[in-house]
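A, B, C, D and E are the chain letters, set down in written order, and residue numbers restart from 1 in every chain.
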């Protein structure tokens, strides 16, 4: 069975029909990039996958658990699904280390020493081992985003959802974060990335999903989708962003 | 009943004025002093209980009594029918005349001549009630929260006529000869009574007994000489 | 001790309550307009290029904000005549309320002005507007919109503060309650009615301000 | 006849100012504790409790403090609860300030970016854990400045206790004025004393506010 | 005499010497683009030209008026110099029409009817004639920027200064704004553009100015500058942005 599987998912904000029957399967180890116009429902889709938003019809199964609106089940789900946000959402009153260790301490009840070792290893991985005791407010955007990634990884999720995680960053800092993602891919992490960086979608993504009007409009291996878009909508979208 | 309560608790709570010289005002230590205060002290001594003075204003002394926050009101309080419905009164313990007073420039000699004029008065006092009955419709009555404010309003020139007790005016005259108002006319002879919560007949009887003996023993005469600089009137 | 609430004896005094209510409304209306005008002018003063004007305005704001309203009121009513300014109780009450709201709204409006992006001043300047034109036409309207909720709360606080002017014989709602209480000795009942009326007045004011907002601020978002 | 020197006036006002300060402290502590309780109750997100608390806030912010004082002082006694001026002043000021404190603190909690809640949710933290470790510490830091700012309102609110006979700064002022009839001088003294108490608090509040803004 | 002429302009922010002797002449009808690294002083230069910033040495003359720190003279200057900002700076509480008409009403004291006709014509020109009564908050970024251009044009300036006017826009919306600029060029408007869009600088600009370290480092006809950069600094800059 696929790691993530969506079946005819419909989602409304009031009268606004945002997702209009999304079908999607993501296998373990795959890296999928989602592209599409602003407002096409990319973020909403991601937020439905980890239960941040309810959906009204269809079904979502992640890591063999149905995503349902039940606090306990959602807390369980959160161990399988990590999420990194565009605006980092670090806890500003805690040091970098405390940010990374919070959930493992409270949810997984890891002991202190073990916890600290884990956090140090993760910060090492994202290239920030010297920032353990710094506060997020004193880091650059790129560094903050890498901390956010480390924080998500601490719960050793099966799949990591990333929603435009580089678009709040200065162009010079984007590279640092993308490097971390490439490394994660190399380690076999399943990634679902919403992105506006077409180059990145093409280079890193195994598969590209083009969302349009609340549906998966076109999908396929990255190279193919970019070099040979099938639908008119994707063609015009690609023309516009270039 | 109240009298037993007082004797048991050994405390007598008395509402006294602190803005109504010479009946009650404050010294430099902000402690009340005056005729009413000495009267309260006398009663407490006779009852052999401790005295607790509660400074009140004319406007709120009756609510204090009604709500049981004090046992007695000794606050230069005059008697009238409206009050007698809610408060029981003892015999009179002090003389008091109410009048209308004002600056020299106000030619007034009776209530009718107050037409179109503004008079300051303390809200809820006997003079308020009396004046409200007597004056023509065109008179504006400015009602202040306490005698303090009424006097301040007169002295600061906010009103040029006030209705209050004659002794209050005498007191001002000794302190501020240049600002003292002159007497326009007397409103009402309104001796002072001790107020007691409605229905406490035992207590009233006891107070009356003590007032009577005070008159006989010359206590009231002494108080009158001390604070009012005049003999205690024989007709009280 | 048990107490029977007795509202029936208050019925003859309803006109008195109504008169008090009207005075309260009148005081509130006048001081709201006066206070907001004063506050706007002082807010302009506080960002003026003249140092003395800025200092004057901030002294005014600090003095008023750090002393109780009742003391300001006594000062104006009892104290100023000693200096030769004689005011009627109504005038003193109104002026005290205007001055009070003026100080608070100065701070509120200034916060709104400070939040205006620098680019708004610059855009106005590059279009050739004078500083005053930029202030009144460009900076002020969105500033008001930004801090509108705070202004509403402050106006309501000033309305509630009008209860205090009863102390200097202004015959507003609290005065009525006190007066009736001193005639009927029904203190609890009188105060209950007054309290209820104040509460309704506060709610009504909030609604009115919401209506004004809908009418004046046509653009949905800033 | 009693004669007050300027020193007598000032001395008496200073003595009375002690009561103003004590009363303010009591109201601050009482209102703070009660306001905190309301905030915690409200964070349980029970609909009924929320409505009740909203009503509470509406009432105590919608009735003049002066009226609240009258009602507690005279009203409670009528229904058989004995209160003296002290108790009445403390009760009314506590109720009054708790409504405002609650409003301030709730505002701080709600002002935190939604992303903080979402981040916690995706990390699997429970509601209480989120509150305890992420929301409350940040909201507390944010609330210091407005809380100090409101304490100025409390100090000024105690002035109204004068109308129920409580002899604090304002009442002492009018008593002295009655004895000396120099309203200008007396009320300038009174105003200056209030200013001396309140101004440092205002400055502190503003300072904290600035510091907070820089930090974020 | 040139329409805009700068002579050895020096500008300090405190101790920070930002402009270090800038010489520049722009003739009427010319379109000049200014490029350069972040922090090289491009914005500062533009803001000195219309008096938004004071300068400490040298002289600036625009349309035969010296740019001096005197409120009245600067107000006069503002009739010759228009400016469009990166962040639009539209007035959010006024409709599009009111935005365009404000300055002509208050400064030029035009009567209502005339004013309205002018505003409609300008909005027509930038392709927004149907948005007269809309509020800026309801427009897309590209539309807002076109309103800002129309607003500047209402004062019929001799020269229009544009500071990175497309960099706050989504890629899809940039085109609309550039089209308006091309049209203005065709009509003979003098334009001075600070831009990061090298393509645009090359295609539209008659002349390119490369700012570096607070100086005009290199300048020349667009084609030449881009195809054959003389200085090492420009070469490396062009290599970096491509």
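Quick note on the criterion: contacts are C-beta pairs under 8 Å (C-beta built on N, C-alpha and C of every residue); 3 or more make two chains touch, one makes a residue touch a chain.
Bear in mind the structure is a predicted one, so any value in this text is a computation, not a measurement.
Shared contact partners of chain C and chain E do not exist in this assembly. In the Cα superposition of chain A onto chain E, the rotation angle, rounded to steps of 5, is 170 degrees. Among the other chains, E has the CA centre that is most remote from the centre of chain D. Taking the mean Cα position of each chain as its centre, B sits at the greatest distance from chain A.
Chain pair with the most C-beta contact pairs: C-D. Each chain gets a centre from the mean of its Cα atoms; for chain B and chain D, those two points are 37 Å apart. The mean-CA centres of chain C and chain D are about 20 angstrom from one another, to the nearest whole unit.
Our note on geometry: chain A versus chain C, Cα centroid distance of 52 Å, whole angstroms.
Touching of two or more other chains is recorded for residues 74, 78, 163, 174, 177, 183 of chain D.
Counting partners per residue, chain B has 63, 66-68, 145, 149, 152, 156 as the residues that reach two or more other chains.
Chain pairs that touch one another are A-D, A-E, B-C, B-D, C-D, C-E. Note for the complex: chain D touches chain C at residues 58-59, 61-68, 70-71, 74-75, 78-80, 152, 155-157, 159-160, 162-163, 170, 173-174, 177, 182-184, 187-188, 190-191, 194-195, 198-199, 202.
Listed in rising order, the residues of chain A touching chain E in the complex are 38, 240-241. Contacts from chain B toward chain D in the complex involve residues 18-19, 25-30, 54-57, 60, 63, 66-69, 145-149, 151-152, 155-156, 174-176, 179. For chain B in complex with chain C, the touching residues are 59, 62-63, 66-68, 82, 86, 120, 123-124, 128, 142-145, 149, 152-153, 156-158. If you check the complex, the residues on chain C that touch chain E are 117, 119-120, 122-123, 125-131, 133, 137-138, 141-142, 145, 217-222.
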